[in-house]
Every structure is written in structure tokens, then in C-alpha cells.
Amino acid sequence: MTRKPFILQNPSVLIVLAVLAVFTAAVTAGSAAYGSGVIPTSMVKVLGKTLCLALAAVAMDLVWGYLGILSLGQMAFFALGGYMIGQWLMYARTETIVAASLAQNPIPATPQELQDAVTNQIFGVVGSADLPLVWSFAHSLTLQMILILLVPGLLALVFGWLAFRSRVNGVYLSILTQAMTLALALWLFQNDSGFRGNNGLSGLQNIPGLDHVSQATLSVWFLWASAAALALFYVLAAWLVSGKFGSVVRAIRDDETRVRFLGYPVEGFKLVVFTLAAMITAIAGALYYPQAGIINPAELMPIASIYLAVWVAIGGRGRLYGAAIGAVVVSLLSSWFTGGRAPSINLPGYVVNWVDWWQVALGLTFVLVTLFAPKGIAGIFDWLGGVLPPRRQGRDLGPNDGAFQEAEAKA
Amino acid sequence: MSALLEVSGITKSFDGFKAINNLSFSIDAVELRAVIGPNGAGKTTFMDIVTGKTRPDAGEVLWGEGSRSLLKMNEAQIARAGIGRKFQRPTVFEDQTVAENLTMALRADRSPFAVLRWRPSRGSQARVEDLASEVGLAAQLARKAGELSHGQKQWLEIGMLLAQEPRLLLVDEPAAGMTLAEREQTTTLLCRLAETRAVVVVEHDMDFVRRLNCKVTVLHQGAVLAEGSLDHVTRNPDVIDVYLGR
Amino acid sequence: MIRLLAPLFALFLPLAALANPALEAVIAENIDQIEQPSRRTVEPLVAQIAATGPEGIALLQAWADRRLGLVDGRAVILNADSMTDAVTGAPVTGEARSLRPNSGVRGVIEAALAGSALSDPDPRRRAAALDSLSRGADAEGLAALRAALDDPDPVLAARKARLERLLTIQFDTDSAARVAAIEGLAGDVGLDFRAALNPLLATRRLAATEEPQANIARELSVGSDALPREAAVALLAQQGVLQPPLTRAEQRSRLAANIVDGRVAGIPVTQLDDQAMRDRAYDTLETQGAVPPAATEAEAEATLATYRFFETYAEPDPAVTDAAKAAQIRAQVRLGAMQGIDLGLDALSLASIYFLAAIGLAITFGVMRVINMAHGEFIMMGAYTGYTVQTVIADRTLSLVIALPLAFVVTFLAGVVLYRLVIRHLAHRPLETLLATFGVSIALQQLAKNIFGTQARPLTAPAWLEGSITINDVIGISSIRVAIFVLALLFLALFLFIMKRTRLGLEVRAVTQNPGMAASMGINPDRIAMMTFGLGSGIAGIAGIAIGLFAQVTSELGQNYIVQSFMTVVVGGVGNIWGTLAGATLIGGLSKVIESLNPSNTLAAQTFMILFIITFIQFRPRGIIPQRGRAAEA
């Protein structure tokens, strides 16, 4: 067994990076700011956001496809990342605007007056006069950037520690993660949570200090940043799951008990992957919401996280590129079909309007994929690459791919 | 020489049914021991308690020179302390190659960050190849474990146990489903392993136990019924009554 | 009070056509006093008139209302456009001189009127008089009531006695009597008693340098929750002992008005971005007289230090306020206990709903280890079935009777179809089942939107379910919730019957415990799984109707309950109906308790609820009633 460099061991990583680079270059060339303008700015934003979703899907695949935890709360971390960056975006921008308007006064404003005015501007809508404690760091980009990693990371660490320690797993754990995101969403929905209740944070597309840069240019910059983050974390994730660490993680997915008897601290491994995935998701969220412009607690409702699982499942879990492809394909298709641009189908006696029927089609497709194509879209690549599955006999016995099969157990 | 494992007075009941009833057991650092008993005698529960899978209601399990209590440790800690367990049904990671399975079992730091930093070295690769050839899987290193035959999986699991380098090996019914030739091979291997460590074999196949030629502990209704050489215990009227007589 | 009594008397005015000689005589004797009444002397006269019967009462009524006039020495009652003789009731024509008694006289008349109504032979009129007296009374009302305490009707007698006590508390002049009345009623939780206590305990705030000569409720310290510093300063300013403090905005605008050559009081404007600088500038302007003086922080501080702050009762007698305070505390304690009972009833009905919603989920999870994410949509399906039946059959009761079994059948079939088409093929892969059923869930939800539209559809309860059962002012529960509770009990009984007494139940239990063994004994696990899945789904349909009866039917109806249902199953423990019951009770009870601690914020309540469950799982990972035995340890 000779030792090859990591990239050569994983040719799929190179292909993904190349595709990503070509895609980014093509969009840049088509953008209004740096190219022909074939692609409108709104479309550039959609594509940039899609890359962020793909990154979230890659993190989801780490947790689900490799570690075997079907987390139905991943989007909580995504939205938390968005909230953390949103705090700075909103505070800094409001401060600029308020400072400009206070400068009209004959008497210059005191720092206290400035802060009161900013607070009033941001929180007047929820009837609060004091700056909530959670906004203590909102004035500093650096601190909020640290919080993007720290807050979701700590949440994942504490939640994971509690859940893994008591050996909650399988369906129970899925339900608990769902409860976690629901609890967080409900908390954020309150006006006195300090995050503007159901108004959420808005105006995030305006970057303080970059007022002179047009949205067209900004959208391309964010596309670059999203592509870079996706590339970076894709490589990190691929590295993580390639070596002995990946081996142990997949072993935990397939037979947790056996891994314990090998002497591995299973909970520790779960915590590391779960927390890391949460932080990656948070970064994806922090890049997503400045492109979306607005964030509110509805983004944390359990349904969003379940959709993430749907993307990963359709794309093909247990394969990082599958997750990314699933997120890109399904989210773009969803926005195309629900955006009302898809042509209706005229059946005799009924017109199938995609705005109404897309969800039905998606739901059924999803059932079909689960039933007949558990490998998802990535299964096509396996087939093309001639990668044959191991010779299996009989039906699955365990919950996951790779667990025992009936005939083997009997043999 | 003091005992490696000292189990004293453990009791475990499930919903009123006493699976283990005031059981005491000890084994030396280098010893081969067979544990026999009819179904429901508490053999599996006994192994579960030693490996940390089940907590006893009462009693003490002490380990090693420092006599550390195993009851406060979880399964992974016990495994790291040097107790290896071979399950009745071969449990290997089917989605991974033989080499990966063996590499995972190699004695090394088990903490997540140490594993993350771990890189295969010339030494580790040589060790994996040695183990593979020892269990007759040298040609299968790159194949997925799921593709192996049942017997090969048994051997792979034994290889993984060897890679762990345990001080105490608990083997649950190794002869089940093996051909005669494989049994021979297994007997030889177990005897050789017992030259450097403690091995406990749980078995109810008498011929197999006879071939091991070692001290035997007979369990019945969760307690030790008799202990000694096979000939000694087979002469014991109680044993004949509850086990051999049937 | 008269205003309220008036319609009552208007009823029998036309009947007074017969002559009333006694009244005629009284009027004739006292015509001077009727014309020029005096508060001090009129009382015997009023009593005389009242004693003459209904005509006399009518006359008094008109007199008090300033509708009494004199025509040629005869008393007449002035109506809107006619006049009638006060004695005979006959129409009168001519020029009437209107009488205008002063308020003192009117008070005497009104008291007499009230007293007479209270001892009226007609019990309905006595009740009406009591009603109006309890809505608003005064010292005269108390006197009148005391004069008429005896009543042949025991119910009215009790009401009179109670009202007498309440009025004594408010209007008696003797504080010992008032205290006795308060103590007599202490512990009562009636709204009337609490309302009678409230004015006694009303306080006002007062700043003084030393303890005032008043009934002091308590002394307040500045900066406490009861009296924040700003409130204290505002109180001092209101009492005129401190200049009103200057707000920052006022200070800034006054400074801005005094900018001279880019300077305010010699300080450059650019330096005024500091509060201390602004204060200095203002002080300078103040000494120059350019701006009105205002209290500085130091002045405010000094004044605050010299004053003490008190809360005083409007009621001067400390004995009364002490008794009232003690009675109020006792009332609050009893009230708390009763609210606790009310809360318990609320929690019980919520628990019933969760139980109904979760029981189907628990059955399928217990038998097949499968979480059906489309369970919420089955609940919705049941509710829409109820709605559809109601659009066809107008009679509410009949439609409900038909809808309940129909919803069961519809969702049972839906469950069986889901099982045959999807779940069977994903056996032993719980996570994939969870996801596949989620796909079904989003498809069904959108389908419901396409069929029934996005607006909420009503599922109306029959009239006999619309009321509520009220025990007292505090405890009450709507009938519909009682019905749901009964429904939940019914299903518990039905479930226990099926499980313990039928062949199906036996086979289900066998499959749950050991599928392999069950199969080898001739039980078809596939069929059993299908039946249990259908049963669980069918119960979801029934739950849908129950929920639809008090919530609007929308395509998201099921979603709102699904997470709570999951929680119920997880908290309760798997494979045991009592576990589900315990889980539902715990979750329902706890939600209500948390909600009652902070009623304004139900969102926070739900958040805490979920956090509690996550913590709970730490200590009992297998639920309240876990599956036991060796199988559970594996």
C-alpha cells in the first residue's frame, strides 16, 4: 500500500473544485458588474445563495451520510450564523444612517445619544428602548465574526453532549434535534428575545462601508466568497472523511456498539463532527443572509431543516458531491417551479399549475427516491464510474447502508 | 501472582429474573479458561457486565495490578484498559475494506483529535499486513469486508482483536458455524494466544472445550456451579444433573 | 339608582287608575311641604306617602325625577307630552307648576323608594331592587337594606344578608362594624367581595420630609422596583418641591437656541458631544438667565435625600385597612388554589388532545419502530373529512355522528395504503421511513391546499357542545373540552380492550415482543403491522375532528400538533399506552403551568417546554414508562 497525496486519493475532490471554478468564472463573465450582463444581478444572488445551501448540505452529509445522525435541526445553525452577521450588518448600517441624520442638529450628538437613536431605530418596531444584552458586540465586525463560529458551535456542543451522553440515537435523536430548532425558533419569535421577533433582521444586503459599491458588484463578490467557502470546506470535509477518522466515523454510523468495544470514545467523535458541521453550516448561513437581505425566525422552523435532509437524500448521502449536487439541483428547481415561471401542463379538464403542484411532485419524488434510489443522484456517478456495490445478499437488517444483511446474518 | 480480573459477588436481575446471582470469578494474567453452562445460565450477561455493556445491581469487578473497578468505566474505557471481546455473530464493518477494519483496531491513541492527526506509517502498514496474513486474509486487504464469506469475517474479527492487543480476551462461542478444520485452527490460535494473555472462552460445545484442555467454570442459574479441570467437573454430580445429564 | 329603578315602576304606572284615598289625604295635609320640602323634615312625609301603596311609590318616583307638578293644588305626574293625576291616574289638563326638590330631599326620597322596593311583595321586584343596589349603592342604600333584611324567600334573604355585609364594609360609619363585616367574609373569593375590598386598599403616593398624619400603607425606598428613581423625581416635581428635571432633548434644543458664533456660553459647539460639557454650558446659561432654571442631577439628588416617600390609604382608619389587607390576602390564597384547580382542568383537556394526537403515533412507533411524519397530515385529513361531511349534512349533531366513524375509515384506509406502498418496503430502516413519510406529508399538505384552498375552514360544534360548565367565578371549562376528555377516555378504553381482549391485540403484542417467534407461530407480522398502522392512522383521523372542533381547519392543522405528539411519545416511553398517557399528562400539564407563570408569552412557554423535554430525556432516555427487560438493554 503506497501512500498517495490526499487529492490524488480522491479524484472527485479535484473534479468538484474544477466544476466550481468553471461555474464561478462563467457566472462572473455573465454578470452585469464584470461581464456581459447576460445574468441579471438577482440571478447572481440566487446562484450565490445556492452555493451556500450546497455548503450547508455538505455539512449535513457529514452528520447524516457519514456519522449516521439524521439531524433535523441543521438550519438552526445556518440561521444562527445569519443572525450573528446580521447583527453587525444592521447595527453598523443603522449607526451610519443615524449618525448622518444626527449631524444635521446644531449640537453634535453624544455617544449615548447616538446609541439611543440606533437602538430606537432598530428596536422601535418591537417597542423596546434598551439595547438588548445580546447586541453587546454588534458594533464590532470581528467579534460578530467570532460569534458566527462560537454561538452555533457552543449550541451544538452542549446539545450534542447532552444527547450523545444519554445515548439517545436513531429516530429519538432526530426528533430531539427537531425540537431544538423549534425551541430556538419560538424563542426568536418573541419580541423580547432581543432579535426583533418575527420582524427579524433586514436590510442585510447593504454592507456598511461599501455604500459606493453597487449591488451588481456586491453580488459577484458574495458569489466568489460563497464559492471559496464551499471549495475550502468541501476539501476539509473530504479530508476529514478520507483517513482513519473517516473510517471510525463511518464505523460509528454502521455499528456504534462495536466501535465502543474497539475502545473508541464514540461520544467524542460524534461531538467533534456534529460541532464542526454546525460551524460550517453557520458560515454558510453567514454568507447566505447578506445575499438574501433579510432573516427572520421562520427560517429556523423544523421544515427548513427537513428540506435540507431532502436535498441531501435526493443528491445522495454518504457522498459529499452528492449532497452538494442535491442542494443545487433541488433548490434551483424548487425556486423555478414555485416562482411561477414553469409552464403549466394542460391536461384535458385540468390545468396543472406548477405553483400548486410542485410540492406534491417533490414530496412524491422524494418518496420514490427513498424507495428505489437510496443513493440519489450520486448513484448515477457511481454507475458511470463503474463502481459496483459489494455483493450483498438479502435485505438490509440494520438501519443504514453497510449494516448486516439478512442472508449474511443467517449464514 | 495476583488475578488480572477479579469478579466478586455480582448480581443482576431483569424484571425480577436473576440472570446473575452472586457470581464470583477470577482469572490470572496468563490463563486459558472455558466457561460453560446451559442456555440461560448467565454466560452472555456475565460478559456484558465485564465489558461494561450492563451494570450489575450489586458486586464488584476489579481489573489489573491496581485493582481498578471496571464498574465506573464505560465500554470504550474498558476496551482501552485491555479487554477485547469477540462476539458470537461476526461483527465487522462491512462497508469498509479489510485494511481499514484492521487499521481501526490497531493499538493507538483513540481520542478524536489523535485519530484526526493519525497518518499511516510504514510500521502500521506492516502490522496490518502481518495481521492479515496471520488470519489468512493477506490477499483480501483491499476488498470490502461485506464481500467476505462468513468464515472470513470471523477471522477478520479475530484479526481485529489481535490488533487491539488486549490483555484479556473474551470469546463468545467461537466454534459456532465453523467447519472441523476451522475449529482445529481456532483451537490452536486460542491456545497460542493464552500463552501471553488471559483468554476466556464461552462455549457449550463439549468437544471443543475438551480440545482446549484448560480449567473450566460451569455456570448455572447465574452462579458458579463447579470449577476445575473438565474431567473434574464432569464427575461432579450437580453438573451431571443440570447440564450433562440432559 | 333611581335611573335604574325607573323602568320597573313605569311598568305598573297605567294600572294606577283607581283612586287612593289614603294618598289623597296625605297630599292634602302636606301640600305645603310637598311644594317647599326641606331635607330635615321631609322624611316622615316620604314614609307616609310610601306607605299608601303603589300610587304613593309612583308619586315619590316622579318627585325624585322632578316630574311632579301641581295643578290647582293637586299633585300631577308630568309625562313627556301629557299629565296624569298622581292619585287617580286620570289625565289632567291645565298649567302645571313643576316642583324642583333639591338633592338632599331627592336623596331621602330615593332611599325610601329603594327600601320599599326591597320589601315589595313581588319577589321579582325585590330581586331587581337587590340587583340595582349591588351595582351601585351608598349609605342610604345600606340603611334601606338594613330596614328590609327579612325576606320570606330564603335565597333573597341570603342575598340581602350578603349585600348588607358588603355595604357595611363600604359605607358603615362605625369602623368596628366594618372590621367585623370584613372578617366575617374573609376567605370569600366572590368578585363582589373583592370589589368591595379594592377601594379600601386604594393608595396614593406622597413625598414628605417626615411621616404624614395619615393611614400609611408603607414607606417606599427610592430605586426599588415599586419606586424607581425617575418616578420619585417626577413625584417631587409634581408636588412642586423640585424643578421639573430637564430631558436631554430639551437641554439640547435650548442649547441650540443659544448658539452664538459657533459657541454656547463660551464653549465651542464641537465640544458639546459630551454630556458633562452640555451640563456646564447649561449651568452657565442658567446663571446668565438665558434659559429657565432646571433641576440638575445634584439638586435632584439633594432633594431626594431630604424627602421620604409614602404610600397612604385613602381610607383613614388603620383597623379597617388592616382587616381588609388580611382579608385580601386570604382571598388571594383561596383564589390561587381555585385557579390551580381551573388550571388543572385546562391541563387535563390539553393532555386529552395530546393523548388523542399521539396515541396513533405511539402505536405505530411501538410496534414497528417507525415514526410516521405524515401522522399530522392524517389528523388534518380527519378534520377535513369532518368539514366535508358538515357541508353535506346541515344538522350538526348528525354530521358529527357520521363524521367520527367516517374520519376513522378514511384515515385508516390512507394509513393502510401508505403502509402497503411505502413503509413495508422500508422495513427496519427507521430513518428512511421517517424521511419517506415526510415526503408524503408535504405532498398531502399541498394537496389539501389545492383542494380546500388556503383559508381556514370552520368545523362547527353542535349547539349542545357550545356552552361551558361553570362552577364559580374562577373555575369553568367549556363543554367541548369535556367532550374531548371523554373521547380520550373512550379511546383509552377501546385501545385497552383491543390490546387485552381481542385476537388482534394478542397478535400485536406478540409481534411487538418478538417478531420472529410470532411469525413462526403462524402470525403474519406484515398483516399485523398493516392493521396497527391503519388503527394508529384511524385514531389520528378522530383526533383531527376533535381538534378541528375548537381550532380552525387548515392544511397546517396537523403540523401544529405533530411536534408535541412526538414529544409525548418520546417522554412517555415506547410501546406502552400508559406511557403515552403519562407523557400527554406531563406535557399538557407542564405547558399550562408554564403558560400560567407568564400568560402574556405563550411562545416562551413552548420554548421552555421543549427545553424541559430535552433535559428530561437526559435523565430518563427511555421515557417515563420505559420498555423493560433484557430486550431493552440490547
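Chains: A, B and C, in written order; residue numbering restarts at 1 for each.
By definition in this document, a residue touches a chain if its C-beta (ideal position, glycine included) is under 8 Å from a C-beta of that chain, and two chains touch if they have at least 3 such contacts.
Nothing here was measured: the structure is a model prediction, and the numbers come from that model.
Q: Among all chains, which one's averaged Cα position is nearest the averaged Cα position of every protein chain shown?
A: When every chain is reduced to its C-alpha mean, the one closest to the whole-protein mean is A.
Q: Count the touching C-beta pairs: is A-C or A-B ahead?
A: Of A-C and A-B, it is A-C that has more C-beta pairs in contact.
Q: Averaged over CA atoms, how far is the centre of chain B from the centre of chain C? Could you give it in whole Å?
A: So the centroids are 68 Å from each other.
Q: Taking each chain's centre as the mean position of its Cα atoms, how many Å separate chain A from chain B?
A: Chain A and chain B have C-alpha centres separated by 44 Å.
Q: List, in ascending order, every residue of chain A touching at least 2 other chains.
A: Touching at least two other chains: none.
Q: Multi-chain contacts only, two chains or more: what residues does chain B have there?
A: 53
Q: Show me the residue ranges of chain A that touch chain B in the complex, using the header's touch definition.
A: The contact residues of chain A facing chain B are 1, 3, 240, 243-245, 247-248, 250-251, 254-255, 257-258, 260-266, 268-269, 271-272, 390-392, 401-405, 408-409, 411.
Q: Would you tell me which residues of chain B are touching chain A in their complex?
A: It comes out as residues 51, 53, 74-77, 79-80, 84-85, 87, 89, 91, 93-96, 99-100, 103-105, 110-113, 115-116, 118-120, 125, 141, 144, 146-147, 149-150, 160, 164, 177.
Q: In their complex, what parts of chain A are in touch with chain C?
A: It comes out as residues 70, 105-113, 159, 162-163, 165-168, 170-172, 174-176, 178-180, 182-184, 186-187, 189-190, 192, 302, 306, 309-310, 313, 356-367, 370-371, 374, 395-400.
Q: Tell me, which parts of chain C touch chain A in their complex?
A: Listed in rising order, the residues are 248, 252, 255-256, 259, 264, 269-270, 272-275, 278, 365, 369, 371, 422, 425-432, 434-436, 438-447, 449-450, 563, 566-567, 570, 601, 603-604, 606-607, 610-611, 613-615, 617-619, 621.
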